[in-house]
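Letters A, B, C, D and E mark the chains as written, and numbering starts fresh at 1 in each.
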Amino acid sequence: MILALTVIVLLLVMVVALLRAFAGPNVFDRVLAANLFGTKTVLLIATISYLFGSPDFLDIALVYALINYISVIGVLRITELRNEQQGADG
Amino acid sequence: MLSHIALLPVLLPLIGAPACAILRRPVFAWGFASSVAALAFLSAAILLKLTFEHGVIHYSLGGWAAPWGIEYRVDLLNALVLLLVSGIATTVLVASRTSVWHDIAENRRGLFYVACLLCLAGMLGIAATGDAFNLFVFLEISSLSTYALVACGRDRRALLAAFNYLVMGTIGATFILIGIGFVYMLTGTLNMTDLAQRLPGLGESRTVFAAYAFIVVGVCLKLALFPLHLWLPGAYTHAPAIVTAFLAATSTKVALYVLIRFSFSVFHLESSRLALSLEAVFITLGIVAVFAGSLVAIFADNLKRGLAWSSIAQVGYMTIGIGIGTAAGLQASLIHLFNHALMKGTLFLALAAIAIQVGGNEFSKLRGIGRRMPWSCAAFTVAGISLIGIPGTAGFVSKWYLVTAALAGEQWFLVLLIVAGSLLTAVYIWRFVEIAWLDSAPEKATGGDGEAPSVLLAATLMLALANIYFGFDTRLQVSASGGAAAALLGEAAQ
Amino acid sequence: MDVLSYFNYWAVVVLMMLGFFIVIARANLVKKLIGLNIFQTSVFILYISAGKVIGGSAPILSDDVTLYSNPLPHVLILTAIVVGIATTSVGLALVIRIHAAYGSVNQNDILKQDQQC
Amino acid sequence: MELLVNIVLLILLVATAGALVVVRGLLASTMLTSVYGLLCASFFVTMDAVDVAFTEAAVGAGVSPLLLLLTVAAIGRGEPRPVGALPVLAIVLVPVTAALLIIGTLDMPPFGSPDAPAHTHVAPRYLQLSGEEIGIPNVVTSVLASYRAFDTLGEVLVIFTAGVAVLLILATPGQRGSARPRYVPDNHRDPHTILQIVSRILIPFILLFALYVQFHGEYGPGGGFQAGVIFASAIILYGLLYGLPTVCRVVRPAVVEWLSAVGVLIFGITGVFAMLSGRPFLDYSVFADDPVTAQHIGILVVELGVGITVASVITVIYYAFANQFETAES
Amino acid sequence: MSAILEPLSSVCLLLGSFLLLTGALGFLRFADFYARLHACGVTETLATALIILGLMLQATDSALPQFKLLLILLFVLFSSPTASHALAKAAWNAGVRPRDRRGRRDIALPPGDR
């Protein structure tokens, strides 16, 4: 029962993250929303696999965390380099 | 080794492409690619001979039986298309050396030939496979390599043409995927013969109609049938000369094969209650394509763009053949599929030679080219005559069978339109003949040692002679297409 | 239960149309590719929800499970995802070259430049 | 409960797609694409499609937003244009296709019903007999690598074609088609010490996890594609933090291109092996006398070929894109 | 033994969910980027750890899921703070400055940090 409650709360947080992703004034709010979204998906998958009784889904949760980390680092490094580039020829 | 003959035409370029990528020097890549294409052509010829003798050849991949594993079911229709595509590919690749060295930058030539082999593998894979999803995968292989080949054009507009082709091609491929998905949900199988047996059992369910509609729209996007042809003129005009020669003679033919295979083998078009309305749609689209294509070709300023529009017109003729719906109509369409590849192959190879000497295909540059490049222009004129359909050439044979099929169906108006279409073709071919032969060459002829490079010239002349040879000795394509048409309509009748 | 049983397919139709709309309506070439990506992903959802069996578990053979979901759509969609990423990467490579050649990624500007020269 | 999660995820998917229609900036669209990929992957998990969720997460939420970002960075943000008049083509085409789709869904078997034709014709054999014939628990891997192995060979060829196509399009003149980078001085003001230290700790585990996924493909979710993508994303992470020249010294572009061709050949040659002894193409029974171990060996080698090709092609594509971006900067 | 584990896992999960909700509320309502980053940071580290702990305490037959959950926990604890740090640094370099409570004017910063 508690697992179902956790799943509902996680879905709620994902909806909130989406709202901020749509509304977010500047790009970094959207990046933050995407990052939050990623970590919550990790938890959602872990909880779902326990709720439906097949706990071998957890490899996927690990991949989510890994991909989420890499995409956030990717976003930041590339926006940084691009700002320098626009600074350079701006 | 003979038991693997059904797979060899596909397997050779499939393994050849990555092997070609390992070769360091572009000259080796050219030699390797043409020899792989030649071997594929040889095995396709043997395969055609075997299908003449034994009828259908089965080959289950991985050793698993039909609906569970993937199975090649090669009959006359497959073997004919395989032979045609590998034959054109061999001729074009062998003749491609000077034109590629002229068009493509030095560091891209090796990869260019890898992409050609991948495109060949994709097309042969589509023509040979008996599994619907496998067809989608090989369609994607040939499309992706075609986008890259078109983007190799020297002009910056080639990039935009490649991008538009990519967007429309992907939408077409996804439509086909949707169609296959619907059909899979209703029958549970992906093997085409298995589908053909299980689909009639579903009666007139709307999902089958939607699946057929999606597949036809997707394939017509690849076929560039009239309303869905927007990508073709740009792609064929701005692509490198050799790529246009290769694509114009093969990619629309393979798309037509897929349309025929799905319409007659899988969905049994002629026995469904919607048969009459669908055939009417094919005929009207075909006629509109013929007239639109020919008219724009007449007023085109660039000969290559004119020929691209003429391809759209010729695709219209093939669709009319399908629209007639009888075995004779289908046979006429298949004959035109065969002959059109020969015609367009010659025309575009001749253009490749002219482009090297004159540096462009605009009519203004072609003034008096006939005197400076007599043989190439002679080949061009022969192919042009064949395109019009003058007796003694392959084009006449296809027009003849198309007219007799229309006559058999008492569609007089259709016969009139077909003949009118040929007249329009005559106008834009005559426009070239007049500029090339009758105009005086400008005094400041831009140097150029005259005739095309020998290998390219030999290939163009060989294809031109093939046009004439198949105008007289029509046994090969008539018997093959006749058998295929009978099989297609026959197996539906069981 | 009838509405729920077709909910997946209605969602697929809506997603397909949103993706299709972006491809046609937006002039920015990168947005077109994103729309194409959505269009393809919605077909994946169509296949996978066709393969789901209510009460069935993932198609990994284990002795305590009897009812499995259908593994065949999963195999097909593994192929389709790779086709999707291949098309997207080729499209994006073209966008970079188009930007280098035309200086813009908006289709209307590019067509205007073409008409002028 | 399962249905609730399924419906909520679908609603979120439609909302994200709707937002993507509305939002103008490219960076914002990239973020939303990444969120869309994650949502899609979660949806696949609730649909019991474990392998597909794995791949969609690694590809849809990992690699394609990264490529989008590199493109957006290479072309500069691209000023958002005012929305032109709503094109009439879209207003005509979209409803027509929607109508055709809705017609298509009318006679479909209801969602999830166990007696739908799809679950009663071909699929049952895979589920019942693959245990004895191939002997690996993950039925998706056994269908992928053995029953329909030719599809997978076609798919490996698709990813190889994508690599060749990107190199053909982006090969800057003067290089032999590979992204040999001109040396770009590491003049970034702050060297991101924290990021580099943490990544230096994480990258070995990511590579180890990729190998685990590669060889775990038979027993749980995993396989060649997923492992290849994770392996490539580890290299990309290293490249992002230490700059293109450093990563090109570690993993040389010429070697990676060569590997992408070798991967496809590994897959092809295992198939040709069977032909030499008269069996049909891609028939693994030639590798050992006991059919089940022969299948194991065949699937292992084939998945290795897939993994090598996918990892090297995605790295080649990253080099080609990053090289464009770095030259724009220097 | 399981008599203790069951309620303990429920408590952890409830606490984790509560923290998630408060963090999400903060993420939605806070005025400027850095406040939101803080709220999001709370959910990423503490709430995630609690929920994973709660899941680990759930009874399962083999110990493999517990080990995988431990791996996930370790990885998340490594990567989330780094990601938040990288995000804050990138935002600062891009010129995003903290705002006052109603999100209108930039807060006056000590000269050194301009």
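Here, contacts are C-beta pairs under 8 Å (C-beta built on N, C-alpha and C of every residue); 3 or more make two chains touch, one makes a residue touch a chain.
Here's who's who by UniProt: A = pH regulation protein F; B = Monovalent cation/H+ antiporter subunit D family protein; C = Cation:proton antiporter subunit C; D = Na(+)/H(+) antiporter subunit B; E = Sodium:proton antiporter.
This structure is a prediction, so every number in the text was calculated from the model and none was measured.
Common neighbours of subunit C and subunit D under the contact rule above are A, B. For the pairs B-C and A-E, the count of C-beta pairs in contact is higher at A-E.
Each chain gets a centre from the mean of its Cα atoms; the one farthest from the centre of subunit C is E. Computed centre separation for the pair subunit A/subunit E is 12 angstrom, with centres defined by C-alpha atoms. Chain centres here are Cα means. That of subunit A falls 19 Å from that of subunit D.
Subunit D and subunit E, compared by their mean Cα positions, are separated by 29 Å. Looking at subunit B, one finds that residues 133, 137, 140, 144, 147-148, 151, 178, 184-185, 190 touch two or more other chains. The multi-chain contact residues of subunit C, meaning those touching 2 or more other chains, are 20, 50, 57-58, 60, 72-73, 76, 79, 83, 86-87, 90, 94-95, 97. In subunit D, the residues that reach two or more other chains under the touch definition are 50, 70, 72, 101, 105, 108, 116, 118-119, 122-123, 126, 148, 151, 154-155, 158, 161-162, 165, 169, 192, 195, 202, 220-221. Chain pairs recorded as touching, per the definition above, are A-C, A-D, A-E, B-C, B-D, C-D, D-E. Touching subunit C in their complex are the following residues of subunit A: 52, 54, 56-57. Contact residues on subunit D toward subunit E in their complex (touch as defined above): 190, 192, 194-195, 198, 201-202, 205. For subunit B in complex with subunit C, the residues that touch the partner chain are 133, 137, 140, 144, 147-148, 151, 156-157, 159-160, 162-163, 166-167, 170-171, 173-174, 177-178, 181, 184-185, 190. By the touch criterion stated above, subunit D contacts subunit A in their complex at residues 1-2, 5, 8, 12, 15-16, 19, 23, 25, 27-28, 30-32, 34-35, 38-39, 41-42, 45-46, 50, 53-54, 57-58, 61-62, 65-66, 69-70, 72-73, 76-77, 188, 192, 195, 199, 202, 206, 209, 213, 216, 220-222, 226, 230, 233, 236-237, 240-241, 325, 328-329. For subunit A in complex with subunit D, the touching residues are 4, 7, 11, 14-15, 17-18, 21-22, 24, 27, 30-31, 33-34, 37-38, 41, 44-45, 48-49, 51-52, 56-57, 59-60, 62-64, 66-71, 73-75, 77-82, 84-86, 88.
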